[in-house]
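Here's the structure, in structure tokens; my notes come after.
As written, the chain order gives the labels A, B, C, D, E, F, G and H, with residue 1 at the start of each chain.
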Amino acid sequence: GYARVDTHRGIRTGDPEVVFGAGKTAAETVGIVDALRRASGEARPTMVTRADGATVAALRARWPDAWVSSGADPGAGGRPATVVVGELPEPRGLVAVVAAGTSDAHIAEEAAMTAAAAGAGVEIVRDVGVAGLHRVLAARPVLDRADCLVVVAGMEGALPSVIGGLVGTPLVAVPTSVGYGASFGGLAALLGMLTSCAPGIAVCNIDNGFGAGLFAARVARRA
Amino acid sequence: GYARVDTHRGIRTGDPEVVFGAGKTAAETVGIVDALRRASGEARPTMVTRADGATVAALRARWPDAWVSSGADPGAGGRPATVVVGELPEPRGLVAVVAAGTSDAHIAEEAAMTAAAAGAGVEIVRDVGVAGLHRVLAARPVLDRADCLVVVAGMEGALPSVIGGLVGTPLVAVPTSVGYGASFGGLAALLGMLTSCAPGIAVCNIDNGFGAGLFAARVARRA
Amino acid sequence: GYARVDTHRGIRTGDPEVVFGAGKTAAETVGIVDALRRASGEARPTMVTRADGATVAALRARWPDAWVSSGADPGAGGRPATVVVGELPEPRGLVAVVAAGTSDAHIAEEAAMTAAAAGAGVEIVRDVGVAGLHRVLAARPVLDRADCLVVVAGMEGALPSVIGGLVGTPLVAVPTSVGYGASFGGLAALLGMLTSCAPGIAVCNIDNGFGAGLFAARVARRA
Amino acid sequence: GYARVDTHRGIRTGDPEVVFGAGKTAAETVGIVDALRRASGEARPTMVTRADGATVAALRARWPDAWVSSGADPGAGGRPATVVVGELPEPRGLVAVVAAGTSDAHIAEEAAMTAAAAGAGVEIVRDVGVAGLHRVLAARPVLDRADCLVVVAGMEGALPSVIGGLVGTPLVAVPTSVGYGASFGGLAALLGMLTSCAPGIAVCNIDNGFGAGLFAARVARRA
Amino acid sequence: GYARVDTHRGIRTGDPEVVFGAGKTAAETVGIVDALRRASGEARPTMVTRADGATVAALRARWPDAWVSSGADPGAGGRPATVVVGELPEPRGLVAVVAAGTSDAHIAEEAAMTAAAAGAGVEIVRDVGVAGLHRVLAARPVLDRADCLVVVAGMEGALPSVIGGLVGTPLVAVPTSVGYGASFGGLAALLGMLTSCAPGIAVCNIDNGFGAGLFAARVARRA
Amino acid sequence: GYARVDTHRGIRTGDPEVVFGAGKTAAETVGIVDALRRASGEARPTMVTRADGATVAALRARWPDAWVSSGADPGAGGRPATVVVGELPEPRGLVAVVAAGTSDAHIAEEAAMTAAAAGAGVEIVRDVGVAGLHRVLAARPVLDRADCLVVVAGMEGALPSVIGGLVGTPLVAVPTSVGYGASFGGLAALLGMLTSCAPGIAVCNIDNGFGAGLFAARVARRA
Amino acid sequence: GYARVDTHRGIRTGDPEVVFGAGKTAAETVGIVDALRRASGEARPTMVTRADGATVAALRARWPDAWVSSGADPGAGGRPATVVVGELPEPRGLVAVVAAGTSDAHIAEEAAMTAAAAGAGVEIVRDVGVAGLHRVLAARPVLDRADCLVVVAGMEGALPSVIGGLVGTPLVAVPTSVGYGASFGGLAALLGMLTSCAPGIAVCNIDNGFGAGLFAARVARRA
Amino acid sequence: GYARVDTHRGIRTGDPEVVFGAGKTAAETVGIVDALRRASGEARPTMVTRADGATVAALRARWPDAWVSSGADPGAGGRPATVVVGELPEPRGLVAVVAAGTSDAHIAEEAAMTAAAAGAGVEIVRDVGVAGLHRVLAARPVLDRADCLVVVAGMEGALPSVIGGLVGTPLVAVPTSVGYGASFGGLAALLGMLTSCAPGIAVCNIDNGFGAGLFAARVARRA
């Protein structure tokens, strides 16, 4: 009695299959991944997002070659992890993922792994806070090379405005729930990105690295 | 003493010059457009968004060939208009703009004119409400042809979710302030689009047809 | 010292007695159910909503034939369960309960069990997401047969708009708290359903499967 | 270039055609009504909601027998009016519309005219504030006769809770934007109705008399 | 290093000393109560609100005659308790505390104990939901006898409106955080009470039984 | 066809009849006042709140002795006025109304006239801002004499906290919509008053001078 | 009967007298300014903020040397103006006021005139949008010279974060209500500034140029 | 793989290095502090804010002379602590930190330790609630001596308004998340401080003692 598996989307879209791990047991998640991989003939990778430690362990036990983000490792604070099962497609185009702070890094990782699983080349740039302009300027060459940017930031979410003023590349902004007080769980960053004075910015849901990575890969694959 | 004119962005980005007409007098707007056109050597078009009736008249008097949206015409209810001055670039790629209701049409028009001024080919599909699925399905061929979609909807903003489930094309959603009561000036549509269960959707600010059109053109021009 | 028991509502309304299990101990809940069943002469079933594992166990121990939803089973993730004690009434009319996602299923189950306990026939359709239109269209025959629809959806809550455009049946929409970020605990779905462009939709509180099931049964029983 | 007219919904649903008058000129509205009446063979009535004075006058000039609510009459404060063109269907079942205050009356009238145009019998009860219980109790016979209730209230929106505790009839609650300060344009009433402790209540958007009337007629027609 | 103790307020106001127990250890709370009782010469009682189980035990160990509410008893669900140490003043006037639901009872108890410790006579009426008008009407004699009413309700908070329409007594309304979904932690009840259509109602903070009890006692003591 | 007039509340409560002038024409308001005065045998005064200039003129024409607040006078900025028709009752007890700023004065006047019409003695103290403590301290004698305080303040609404720390009198706080930016139409003051750290404060709706004056008179009349 | 004039604050603080012009007639404002100037012996300047055209004209008629901002001039769009009457104090220290966009300029002007009237030296830098980093970097010398910065920005309000990362000077951020859609009248900018990742930033109310200018002058005067 | 360490800010600003301890393991935090201290040649102190018990223990083990706030001590309720490693700079100027309630004290301590580490002299005044004016007035001498004030308050946040009316010193207000119900996690205090009627107040984020202390030190160091 799991979710009905939709094996047509891949053919329609060229994207990987994906399972939202939050709220599912490790066994349920392994079962769904198994069904998806059998249905797709293993031609495409299968992703699990928001996997907890038990789910990561179960996926690794079943698919020892799985690509696992740093998230669910206890030493890294136990954030949910992203897991990709199966071989990555040949990369077309380039997605650059830029993360403002160390706490935004796991969302950036979710975006980057998604873009790779969806067939784009990916580069990540970390720790590019808006209050340190020299880091932003140092990232310029990667920004210029990319076909689509994913910019991840919490707190006031100002980084997309600054980067959007430097380049003419499509830029997908991802607000994160990092912050406290008047950041209201990512709302401050979300509103800031939506009202950015830099043109050519579109925004995904708070902490939605997956959605931004998929969107960016779709853009980069066509370029 | 107008705004300092930035004549470098065009070279950096390939986008048109743009003037935000709201809160400026007709004379101020004409003056800024004039300065921009002289500075850019008229190589690129110049846009005015949110122009009122007086501003439209003044722009038409100065540039009789200007392309004017249906907005500021009194018979159409007096919504602010979009105006493009100068020749359009040769179109590269295709942007499809889909509007859910008749009241969303002027935002869709702002998006479409912006995409055209930014060098993309454009097709508009109007009146594709989610409560009439046959209209959505009838638009399928255009959706499949496009390199980037702009989907404009007010009230509950469900149209991007439905279209996003049909195609694998990058989709930029624009919530509009159309609606009353619990739509809270576009907030219901905005939240709905941000939390859409269809993957590959990114969102612009409420009523921001300009931003969505520019974003979509940047995607389409690379395709 | 429990709640004063109102044994008149059943006679007034034809609905089951109901106990809100959240915040009550297993012993308190069993005690109240006992009092209600004695007072009503066991002529009508008694429901418990939002029961935790201990409460489910205690109810099962006392009434081994109780009908228990899948919720409180540890294997299913430990969501609160719905329990019906006593014989169901003879069904009159048909309520169709449609759930958008797997995570909405337990609210749909609460609605369905309530409608059955309130004397309506019930059919459930699961996993009918708006981003997969073929599933919506496949559910068409059930939707047409029903006297009242209950449509349960989280995230952007677009499903009622799509179904409401297909049929002329009274449709009760239930937003769920499923989602993250800008879904704000069900607020996005709630606002979306309230502002739906499809006519003939009324809305219940977030996660209120009970209220929707009862409302729908009242409509179906008259048909 | 008006809205594409959907002449199939009536056949699907048995409801009247309807035009949302707000934001349309009198000429546009008359044109759309004309097209709808020709398309439906005048078999069903056509409604206009939120019509201003000029639109009411234009509709009356074209259809002298139109049924016009008291709204757009200058002496009554100039609220938007509801207009029904064409003959009413034979009434089936009974909808009772209850209004809490004098200021809620025009929304109640929109609901009542909609229900009548949609083929239900209708009775209106006015000025039944929750702070005057004798008026609520005096309305008891009408409430008991009805197949569906529409309860319209602004400010704290408590009336549906009180009436919902008296009867077992399906009850559609309509919050209105009447009030000031912490009523926040109808939000207080909306939240109150959604969280009502009386079971069997479903809620429409703020000021949405049309939606509630249509929903109630669909229930009553089946009874 | 505890809080500086203000021993003048009692003399100024005739109210009990009070300690807000939340966020303090049992030892800290006992220490503060001790200091207050020594400073006031034990002429007035000392209250602790929001005391957890450990704090209740420590207070009982030190002052075996302390008056303890039912809250912190594990069998009652472990809500924070109210404790009064020292002899109650001679009661002047009458405060009636009315609670809408069983879950509101502990806030009502906080209000009642506060009013008693502040020198008023107190009667509590429980389980007077607005959806059961006969219970409201049955409470009429107590309401008429009282010099001030405290009405405690969660969810939609409609009870003060109904009672306020029956009597001309000053009525202090207390919204509680009881509810789920669109009740938003008591916000729905708070807004409902503030916008009540019944005149002569004033409102305290969500769950603030202490403030309401003190206010009501000040009114009753003067009568 | 006006509102049904309730001539029983006065007998129940000892309060004046009252008409909410906003949204009513001058003729309607005069008509309702007339009916109320005939029904009550002119034994009690009749109030009109929120009257515009035309309504004030019409009331003055019909009842030349009416007591009119300074509001609707063009020279004072044209705020809505309060009008009392008929003789005031003999005053019992004392209500002190304290206004923080000049812009809050018309709400304070509404409260004071209401309290007087409801049979209390009244004193007003104006311009007692919290940023000028010497004015607060200078008002001390009036505060001490009163049986109930009404404290009216906009912006951050801090005045009730300061006064509530000085006295032990029941204090009704009224937030006003005076302010800009983050005052959000009175919300900042409302939240501040609800969460005041001074005990014994209850709060009325934003700008609700009428409700506060009536509440305070009910307290003062019993003292 | 105007506001009581406080002639002590100047002596206490060294700040100018100030009159909030909004909601006052021209005659009232002139009267208050007159009283203030007589009371202070004209030793300090007197400011009027938010003055409309009539008030500016009346102030100019009475004090022909008054310093008037560009606001109330019809050609500039008719925004409220700031007016300073009387001689400026000798400047101590330097306040730099930086405005992000042309639409923010009148708030920047209010801040600058206030700082000057409060005895600080002032420099204004206009049109320094965050999407054009070269303009920010070009302003570096002024930023380094200043003793306190006032940074004014609407929309996403990112400019203070960028400037705060460049300098170690105290920085007062002022969000403006410039923007539309999800800027919610300045809320997006306000939240962004409060949650800025750059340290050493403090924030004033939306559009509160006066408060920021006064604060900055107090800092600069001590330096 | 920790955060890239920025060793230039200290030279630019004269501020201490700082590590945000929340969400980092004890080992990570010790590692970052170590790197910072080596990079800065130990010329400046290094701070850790929001350190939990394990982090405090690890820092103490490594730097036995570290200055630790009272926060992480279990007896004090386990709030996160502030830690300063290294010698304090010679103090210039004076920052006075005023805390309204006992629960606000740990935020005040974070502010005070930050100001000291940033090179200012510091005095703390505790327990200065606005409802006890005598305590405010008793703090007058410290307030007058200071070059910059930090005023920390939760609930309604009125204390900055009262102190701001007494002095002409720059005042940085810090709202805290202390409170319940309508305080909404510090929002009530934040809005109150932003809309304060006292001039010369600027506001930091909820619970941001660090930001306020740093800002105040920058002001005081220049005086």
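The definition used in the following text is that a residue touches a chain if its C-beta (ideal position, glycine included) is under 8 Å from a C-beta of that chain, and two chains touch if they have at least 3 such contacts.
All values derive from a computational prediction rather than experimental measurement.
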_Under the document's definition of touching, what chains do chain B and chain G have as common neighbours?_
A
*Going by the contact rule set out at the top, which chains touch both chain E and chain G?*
F, H
*Per Cα centroids, the chain farthest from chain B*: E
*Give the pair among E-F, B-C or C-E whose set of contact pairs overlaps with that of B-G by over half, matching residues by number.*
C-E
*Counting in whole Å, what is the centre-to-centre distance of chain B and chain E, each centre being its mean C-alpha position?*
57
*In whole angstrom, what separates the CA-based centres of chain A and chain D?*
47
*Measure off the straight-line distance from the CA centroid of chain B to the CA centroid of chain D, and report it in whole Å.*
35
_Contacts with two or more other chains, residues of chain C listed in rising order_ = 101, 132, 166, 181-183, 187, 190, 194-195, 199, 205-206
_Contact pairs between chains, per stated definition_ = A-B, A-C, A-G, A-H, B-C, B-D, B-G, C-D, C-E, D-E, D-F, E-F, E-H, F-G, F-H, G-H
*Provide the residue numbers of chain A that touch chain C in the complex, in ascending order.*
2-4, 6, 22-25, 175, 177, 185-187, 190, 205-208
*Spell out the residues on chain A that touch chain B in their complex, using ranges where they run on.*
12-15, 18, 147-148, 166-170, 172, 190, 194-195, 199-206, 210-212, 214-215, 218-219, 222-223
*Which residues, counting only chain H, touch chain E once they are in their complex?*
75, 77, 101-103, 126-127, 132, 135, 180-183
*Mind pulling up the chain A residues that touch chain G in the complex?*
100-101, 129-133, 137, 155-158, 161-162, 164-166, 179, 181-184, 187-199
